[in-house]
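Working notes, structure below.
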Amino acid sequence: MSANLKKQFFQPYTGEKARISRAYDYLILVLALFLFIGSFHLHFALTVGDWDFWIDWKDRQWWPLVTPLMGITFPAAVQMVMWEKFRLPLGATLCVAALSIGTWIARIFAYHYWNFFPINMVLPSTMLPSALVLDVILMLSNSLTVTAILGGSAFALLFYPSNWPIIGMFHEPVQYANGQLTVADLFGFQYIRTGMPEYLRIIERGTLRTYGQYATPLSAFCSALLCTLMYTLWWYIGKWFATVRYLTKI
Amino acid sequence: MATTSEQLPSLLTNDSKVPWYLEDLPKYLKGFGILTVIYISLRLYQGEFAVSTGLDSSEPAFETYWMRLFNIELVVITLFVTGMWGYLWVSRDRNLDKLAPREEIRRYFTLTMWISIYTFAVYWAGSYFAEQDNSWHQVAIRDTPFTANHIIEFYFNFPLYVILGGSAWLYARTRLPLYAKGISLPLTLAVFGPFMILVSVGFNEWGHTFWFREEFFAAPIHWGFVIGVWFALGVGGILLQGVTRLIELLDELEDNP
Amino acid sequence: MKTLFIKFMVLLSLALSLNTQTANAHGEKALEPFIRMRTIQWYDVQWSTQKFAVNEEIIVSGKFHVAEDWPVSVPKPDAAFLNISTPGPVLIRTERYLNGKPYTNSVALQPGGDYSFKIVLKGRLPGRYHIHPFFNLKDAGQVMGPGVWLEIAGNADDFRNEVKTINGEVIDMETYGLSNGIFWHIFWGALAAGWLLWWVRRPLFIARYRMLQAGLEDELVTKQDKLIGKVILIGVPLLVLGANWMTINQYPKAIPLQASLDQILPLSAQVNAGVVEVDTLKAEYRIPERAMTFLVKINNKSDKPIQIGEFATANVRFLNKAVSMPISDNTDTMIAPEGLSVDNPAPIESGEERTMTIIAKDALWESEKLDGLIRDSDSRIGGLLVFYDSSIGERFISSITAPVIPKFN
């Protein structure tokens, strides 16, 4: 009843008030853009950065497991605020797009122009398809549970196939030093990194490979499960941080 | 009509294309400009001198080009924090209970600009120069906590965004009634959490000095930075505090075309 | 803005009184002396040339002994990577050999083992660079070999790095996969930008918050929005899977990243080969004189008289001038030409066992920061003691080790 009343008497802002409201939008958008490039990129680089920096880290076991898992965090938290409070289904895409901007700038101006690495050796991965799907699942379902289960799973499952068109060709085999390498491994051998000896790479550690040769789908499904949980956790982290409390002392 | 000196101030205000609620927009844009110049200049400086003088901390050239830069940074940062925080505190509004809605709206916009400048500094510290650290440490053998990138990232970029975040916090506390009456939890989280990243430098350097000299970015000694940056999500709460208060204030304003 | 940049740079430059000198080391002195002296003991390192052009190859080769007295605080070298310190890939590594075997991965080294290595490098970016071979030791750090200045001439644009895949395709590593990668990032970036713009073109925060509070949820997400959402929900996964399927078909022979640990056995003993046995009885470091004094018991089991010619540790060579020998070292290893003296210069005869005092004395102990040893928790020294037979024909090397006693006066 009261909701209907509210609806009835609702007056959208016009004139100056609408302009004030819009000006505030633009300020927030600029603020958010740099905030998410800065914060999400730092979070991402320091948790799964190595897999993203180097072409010879993008393996089929750990990369598709850990990257979506760390990649779904900020999107979930931002979605919570943007959707719950504003019905804006863009939290995931905004975060991941900001991350992409940050990584590309660093790859070009730090790795390439300062330290001479070829850009194809430091191609970033993309999570944009995953983020788009996560956003629309939230919009269409308007449900934390459905988004966590379907969206979280889709976010993880789409990651490897989204990136295989970018990195697949780097997995062509090369005969080198009486052995077999991928082109990606060869980058790691040829283009010298003093701080990244080969043994630091975390490439297919463990025995997941014993299930036939199908490491990738298993990793992706494991990641899907974990992303479901991670999504929910970070939704609540986003909610907790979006507190509007004022304290009397700190 | 002849222009008299008495009319000049009002004419200037009328001619200005910036509406009243965006009065501080020119300062905001200048802030972006100055920060951009500083950060890009520092990056160009690295490009020019890091390979030639920044690879060995025991060289005299390292002392000249990098440790001196470090000392200059400390001086600049100290002067800036004293001046900026001092100014914000000294020029605080002592009559907040009489603040008109229009002025309060304007100040909310300025606060948003302050936070935006803060997040711009977070971009350079958290994104560009942070990932560049991994790149530089592929080139240099780490032999000092003060590498050619750390001197800029840890001892200039980090304190600078902390100062700017603190400025936003102080601006709100000294000029906006709600923030003066109570201490905004989300604003405090968004400023103090990333401040802890600066503190995490200690943990990081300890780890690298004692048992980890290579550049493995996902190493646990870096996770202190990660936890600090999660607190940036407090901006969601700041947005909600801003939106709800602005709606109250706008409702108090007359409708203008 | 441009003038601002220039002003800022000029100010910064003035403040730092620019006078570029180039660094001639890579910070190796910062590593604890006991790690530098008692892990990888380099010798006979040679560079084929120090001036070459882009696309030309050079070779660095040499030998190293893995110390038996491996420091307790350093993990055993179960994973070690023979690397090159360069300011970025100004040259690329095209081949690498350990004990004559080509290898590309990390390797497990055996304490007490002897190894020879060879690395082939190819010029990529013109310039003058200081380059070292070195070992990344897992969890320990970088143990440097002797470095040199390399001058690379030519034009960076001429650099080519063509590689033949197993399928016979010749690829240029410098550009391979780059435009394809950029295409996909732009493609998904454009879709994401479209989605974001679709929403941000409307009034956002204040307007939508008010409407949501007023219960106008239906107006915030329209039927058209939902339709577009459904198209994305179906279209994006289809595109992803379609592109993935096409890539799988395009590269059916793709293999996973290779990550094995290369297993290469040490050479037959070169150092501590059992011909000349050395037992270090005592080592003292006199700080004012910068002199390390060893009391050693030497047993010459060879059939020739021998003399002590050199003590080498952490890329510093203390030479005994009484024993003349050719110095074939084109690296910038620190050499103290008269740094080594012995109390009894007479050759040690075949079959003789002699206890003698050796003094390695030079300011290099201090300038190379090796004297820091006495302030370390592990203050044992290690290094190679080199003997020559009297006719300077044959060489015998012993890896020696002892705790160091500091003498402050």
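Things to note:
Just so it is clear, A, B and C label the chains in written order, and each chain counts residues from 1 on its own.
Note that a contact is a pair of C-beta atoms (placed from the backbone, for glycine too) under 8 Å apart; a residue touches a chain by one contact, two chains touch by 3 or more.
Computed from a prediction, not measured in an experiment: that's the story for all the values here.
Contacts between chains leave no pair untouched here, as each chain touches all the others. Seen from the Cα centre of chain B, the chain whose own Cα centre is farthest off is C. Chain geometry summary: the mean Cα position of chain A and that of chain C are 33 Å apart. Computed from the mean C-alpha positions, the centre of chain B lies at a distance of 37 Å from the centre of chain C. In whole angstrom, the spacing between the mean C-alpha positions of chain A and chain B is 24. In chain A, the residues that touch at least two other chains are 13, 21, 24, 28, 85, 114-115, 117, 193-194, 197.
Across the assembly, chain B contributes residues 138-142, 214, 239, 243-244, 246, 250 that each touch 2 or more other chains. Looking at chain C, residues 26, 85-88, 134, 136, 142, 205-206, 209-210 sit in touch with two or more other chains. Put simply, chain C touches chain A in their complex at residues 26, 79-81, 83-96, 101-106, 124-125, 134, 136, 138, 142, 161, 163-167, 169, 171, 173-178, 180-181, 184-185, 188-189, 191-193, 195-196, 199-200, 203-217, 220-221, 225-226, 229-230, 232-233, 236-237, 239-241, 243-244, 246-248, 250-251, 253-259, 261. The residues of chain A lying in touch with chain C in their complex are 3-4, 6-7, 10, 12-13, 18, 21-22, 24-25, 28-29, 56-60, 85-90, 93-94, 96-97, 100, 104, 114-120, 123-124, 126, 128-129, 131-133, 135-137, 139-140, 154, 158, 160-162, 164-187, 189-194, 197-199, 201, 203-204, 215. Interface of chain C with chain B (complex): residues 1, 4-5, 8-9, 12, 15-31, 85-88, 130, 134, 136, 139-142, 144, 205-206, 209-210, 369.
By the touch criterion stated above, chain B contacts chain C in their complex at residues 33-34, 36-38, 40-41, 44-45, 49, 51-62, 64-65, 68-69, 72, 138-144, 211-214, 239, 243-244, 246-247, 250. Residues of chain B that touch chain A in their complex: 19, 21-22, 43, 46-47, 50, 105, 108-109, 112-113, 115-116, 119-120, 122-128, 130-132, 134-142, 178-179, 181-186, 188-189, 194, 197, 214-218, 222-223, 225-226, 229-237, 239-244, 246, 250, 253, 255-257.
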